[in-house]
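After this come two complexes, each holding subunit A, first together with subunit B and then together with subunit C.
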Partner chain A sequence: MKSNNKKKGMELFINIFPFISLIVVFVGFALLSGGRTLDITNCRKIFEQSFTLLLVAGAAVFLLSQNCLDMSVGAVIGMTGVVAALVSKINIPLAFAAALGVGVLIGLINGILHGVLGINAMIATLAMSFILRGLLLIVCKSGTVGIAVKMYDLDQVGLKMAVCVVFLVGAWLFFQFHSYGKQCRAVGAGETAAVQSGIHIAFIKIISYVFMGAAAGIAGFFTVIRTGAAMYNTGNMAEFDILIALILGGMPINGGADSKFRSAVIGVLILGILNNGMVLLGLDTYPQLITKGIIFILVLAMTFTIRNKINRDKKMA
Partner chain B sequence: MKRKSVKLLTSLLVTASILVGMVGCGSKTESADAGSQSAAGETEESSQPAEPEEGDTQKEADAGTTDKIKLGLTIYSTTDATAGPVVNNMQTACDGMGAELVIATDEQNPEKEITNIENLIANGCQAVFCLPYADDSIPRIAKICEDSEVYFGFYWYDLSNEETHDVCYASEYFLGNIYEDDVWSAYTAMKTLNEAGASHIGMFGLPTGRTTTTKRDNGIAQACEEFGMEILVEDRVNTNTSDDAASSVESMVSAYPDLDGIVIAGMTQTCLPGVIQSLQNLGLTEKVKVSCIDFNENQTEYFEKNSVNGVIGGHFTGGAWLAVLAVNKLQGTPLVDEPVSIKDEFIVLQSADDAKNYDAHLYQELPYTAEEYAQMSKKINEAFTYEDLLEIVGSYSIQDVMTRHNVK
Partner chain C sequence: MEHEVLLDIQHVSKSFGLTQALKDVSFQVKQGEIRGIIGENGSGKSTISNIIAGIYGKDEGVIRLNGKELRAATAVEAEAEGIALIVQEIGTIGDISVASNIFLGNEKRFVSKGFINHREMNREAKKALEMIGVSSIAPEDRTDRYNLEERKMIEIAKAFYTHPRLMIVDETANALSSHGRGILYAAIEEVKKYGGTVLFITHDLEELIKICDSVTILRDGVYIDTCYGSDMRINELKVKMVGREMSDHYYRSDVEGSMGEQVVMRVENVFTSMLKNVSLELHEGEILGLGGLSDCGMHELGRLMFGLDQPYAGKVTCTGTDQGLKSPVQAIKRGIGYVSKNRDTEAVILQDSVKNNVCLCSLDKISKLGFASPVQENRFADQWIQKLKVKVNNRGEYVASLSGGNKQKVVLAKWLGRGSRILIFDCPTRGIDIGVKEAIYHLMEELKEQGHAILLISEELPELIGMSDRILIMKDGKIVCETMRGPEITESLLIKEMI
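== the complex of A and B ==
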């Protein structure tokens, strides 16, 4: 009885820990900065800075819940950004379609490489990342590609907010309530059991990578609108930001039934507030890196230790 | 059921905390908002809205009454031998003139740079300075600063692109840009190679798409034409690490056996150690001459070992000049009413003695002391003019610093 209560307590802690982290980061920086993080302009900036990460992290939940990684996200953002910038000089809606299309195509290839050919997800997407970065260097001639001037008009918070809400709510509904989302978690919990339950794993993986590619395509489009240009290093390290955000948001690194969509939103918010808050406090770059690293390790240590203990107890039971 | 209640409770707790935070800090939020909306600063006193018709002058005068003027800098590093001195000089200038400097690093990525600018403005910076990594991102930077009514300026940046020039000069918040003669720097780097007897050159360069790149390429082309030199191969990709640069040198030497010179027209910090190491390993230090743009930590040692023939750099005071312009503007005593374009001077090192003097008097000790910078604030030295500033900028050299600081 006592051990049962302890187990429940640990599960409860794991569930509420990301919320506590968000509250601590939010309230902590609000107090330390004398309320400057709460300034409406600043909140808007945090949203704008986190917008593309929100999209790709939302899509990455489907992959990570299956214990799959996509190490090519940053390069896909770069490639779709360059494509959007190039096509924007012809037609802006076409630029969006092109970015989305290229993202979907790359996602499809990633999905086939991993889902059908069985190449390890990390290796396949890492190789894709190299190919894309190489192509980016050729296309950009090691420099930048500017967007059409009219495209600047699309840099509106309202538009981003609408895209974000539609995308995240849609993705959440799919992940939480649709059979596809449940199948993703089932694959993460155990592929053999999932196959025996009649889940077409390859199909689920392909769809997830295509979705990831589409999200990266939209992110690439909005990234170039924000910066005015795409560069060979656009989207650099985005895959690591996604991973950090999801883990900060409480996502189990091995995926499975405990995967929660909210991890993406909470994690990205924590990361956004952290990045913004530390500059607002006037922290120098190196203390910023050290602080981020310490927070990341603390979160990992706490959630992993407890999650491992819960899993061990489950197995023993 | 119980779990759902906990979830609900947690969600309510988060919402409540956010609301409490927002309400609790409401009054500060207003002032912070006003601060970010006005270049006048953060305090309630200074955030009193100026009458629209009073415009700029009122804002500058208001700013003059604030506590410390806060300036923001986004730069790719704060420690390496090129970016570090920019930060140190700017910090000393701010210390001398009684301003505060906030620094954010940007990984040479336009996206991160724009994020930094937004965060620096949210921090209450009344002027922000950056090196735009793409001409195309300048309209975005200008818009962010205009929307926030924050002054901005560029260091190490030549505004020769007509479109971006017009965008900046149309903004009432543009202070100006500090640039170097990049055609001259690249030309001089090539000239030192020519003087050392090299004519078949391998080149490491900056990514294309920047005005700096175009200018340096022009300088190299000009030298090639004038001295009959030839660029056999160029690499703008393998420049981010010494390892990459070292491998690239091996490939260059292998593909072009007659290669007898290497010019590094950018990314010297990462390229030069790899280039020198690679040439040393290949036993080609004597045969292949090296010159570069931008200073580096080990240049004295490289000169002593004859591993380099010329280094062009020392253009580290641009940030400080922008700080001088900004502080004077923000305290209501502008040095000049229009945006300005100021040419920063390069220093050419051609021997170990040059490198030692530079290291001792311009790197370990800075070229201008806090007291000297203080005299560039009209609030402290009313007689100081824009022409005085131009004279100081124009006379920058190792000899000038040694004379001013009484070094024999």
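== the complex of A and C ==
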């Protein structure tokens, strides 16, 4: 009886831990900075900084829930950013379409490499990111590729808010209620059984990588709008930020039935407040990286051991 | 010595969350006794075994072994006390060698100078396998090369090798062919001969009476009774198990087989590494029985007919198309459903809810444009949970926490819910209690009457004879015998064809 209560407790804890973390960083930095983080312009800054990460993390939920990774997201953001910058000189809607199209294309290749040819997802996408970064170096030989001046007009919080809300609500509906999202989780929870239940694994994987690529394309477009130019290292490390955000947000590292879409939103918020707070407190870049790394490992180790404990009894049955 | 009590269970209780799996259970087992344990699905048989073997802790009560309180908290500690458990599901690890599985946790014996001497370990493992009369398994092979039956043999060898005082066999026999059962029974007899005790869990009452000295009945986690020797009568045991009268015959009552005109599925001259020139036709409204020894290729044929494997030559087709079957996705589109024998890894997703498992292959039917409302999903899941009487606290519970038989019901619910016209059942009543078995047989009859086609692959001859319109017997990858349903068909007749 006692062990049961303990298990219930652990499950509850795992479920509310992301919310607790969010409150802790929010209140913590507000106190440490003497309320400066709560300032409206600062809040806006947090949103602006987190906006592209929200998009890609939202798409990554589908991949991570089926125990797949995409290590090329950062490079795709860079690539689509350069493409958007180049095409923006011709036409701005076309620039958006081009960024989106390139993202989709790279996603399709990733999906085929992993889903059809069966190459390990991590290795395939890592190789893809090397190729893309190499191409970027060739394109950006002078250092940066600037965007058309008119493109700055799109740098509006309202627009980003709208894109963000539509994108996240749409993705959430698909993840939670559509067969596709359910099938993603089923693949993560038990691939063999999923195959025997008539789930077309290759198809699901291709769709997910394509969606990831599309989200990265949109993110690339908005990234160059904010920075004004694309460089060879635009979007660097985005894939790790996604991973950190999702884990902080409560995503199980192996995906499966316990995966929740809210992990993306909560996780990105935590990470955004954390990054912003550390800057406000005057921390240098390197201590920032180290702090993030340590937090990531601690949270990962803790949630991993607790989830294992919870599942242990179940597996034995 | 013969009459000393070996295992003394006093007032043991155990709950999992809301489920009380055992309520104040007490009984004793003597040395040299083979004790059967029976009860419906979810009555607590596996729970009590797992508690004795140190895998679960108990909430209350005392367990004594030879008068000494048993405090084993892990399987390894229990093993040191002379307790060996053969679990209901697969109890070996797939990606290590057979020998490593047999000596799992006891590798220390073979360590010299800091390294495991694998040659020595393989030699001992070979000895262990030969002790139970198995020579077809190589100790150095990876375990997942072997099928369910062979992996069970490895577990039996492992248990027997430790020379246990108490050997617990949890619903192993119904995963085995008659050859495998022979090996298991021999091992049990041997344990009895040297004065060891065996707890034998089964749903097959005839088997039970044949090999057990006595039997303990559990119902809903409560101890009901223990019967000895000639007091073990099938009908009385059934009543004690389910708490009501059971009808005598649960198989079909019609004497003659029948089937529709139309052929719904065709296998034509198929070759694979296991199958040699196999052809068959499955008709609508037919239950086609497929039997044989476990390595005769019948399980592989089942996989082939669901598009899981592809033949080297030959074709598997359904009515309406000439196209061969390429994948499970296509098979399901053509109205085929498949119940794998390998339940835990292939037929259900353990770490997912009962609801999601039941709905998974019917999502396209429940949803509109791919979207399903939770209300609709819940209704669908509840409907099938009720129809098959799955014992579960709520539909959100994970399948991993269900008892073996209830997991199997979830698998059936999945395909019946989908409404598949062609059903491939590989050992569908494996681990299912008599009450539910009866229900499933009735259901099969009903499905037949509605024009469904059923391929029944089974190790259990009474089931094949009792349910099939037509029986095919396979041997070494070929179909060697075909008979129609009829009163003249007996088990011995079929066995002669099989070996």
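Heads up, the rule we're going with is that the second predicted complex is superposed on the first by the 309 of 317 C-alpha atoms of A that agree within 3 Å, B and C clash if a C-alpha of one lies under 4 Å from a C-alpha of the other, contacts with A are read in each partner's own complex, and residues count from 1 in each chain.
Simple rule for what comes next: a residue touches a chain if its C-beta (ideal position, glycine included) is under 8 Å from a C-beta of that chain, and two chains touch if they have at least 3 such contacts.
Model, not experiment: these values are computed from the prediction.
Superposition of the two complexes onto subunit A shows subunit B and subunit C fitting side by side, with no clash.
Contacts of A:15 after superposition: subunit B is touched, whereas subunit C is not reached. By the touch criterion defined above, A:45 lies against subunit B but remains apart from subunit C after alignment on the C-alpha atoms of chain A.
Touch counts on subunit A: comparing subunit C and subunit B, the chain ahead is B.
Judged by the touch definition given at the top, the superposed model places A:227 against subunit B, while subunit C stays out of reach. In the superposition on chain A, A:306 makes contact with neither subunit B nor subunit C.
Of the two partner chains, subunit C is the only one that A:200 touches; subunit B does not reach it.
Once the two complexes are laid on top of each other via chain A, the angle at subunit A between subunit B and subunit C, using C-alpha centres, comes to 150°, given in steps of 10.
By the touch criterion stated above, A:178 is placed in contact with subunit C alone, subunit B being left untouched. Superposition on the common chain A brings subunit B within a closest Cα-Cα distance of 11 Å of subunit C. Comparing the two complexes, no residue of subunit A contacts subunit B in one case and subunit C in the other.
Interface residues of subunit B facing subunit A in the complex, by the touch rule stated above, are 3, 6-7, 10-11, 13-14, 17-18, 21-22, 24-29, 32-33, 36-37, 78, 102-105, 107-111, 114-116, 118-120, 122-124, 133-140, 143, 148, 207-210, 213, 236-237.
On the side of subunit C, the complex with subunit A involves touching residues 15-17, 46, 50, 55-57, 59, 306, 308, 327-329, 331-333, 338, 340, 345-353, 356, 359-361, 363-364, 367, 370-374, 398, 400-403, 414.
On the subunit A side of its complex with subunit B, the touching residues are 12, 15-16, 19, 22-23, 26-27, 30-31, 34-36, 38-42, 45, 48-49, 137, 140-147, 149, 152, 155, 223, 226-229, 231-234, 236, 275-276, 279-280, 282, 284-286.
Contact residues on subunit A toward subunit C in their complex (touch as defined above): 1-4, 7-8, 173, 177-180, 182-183, 185-186, 189-190, 192-200, 256-258, 311, 313-317.
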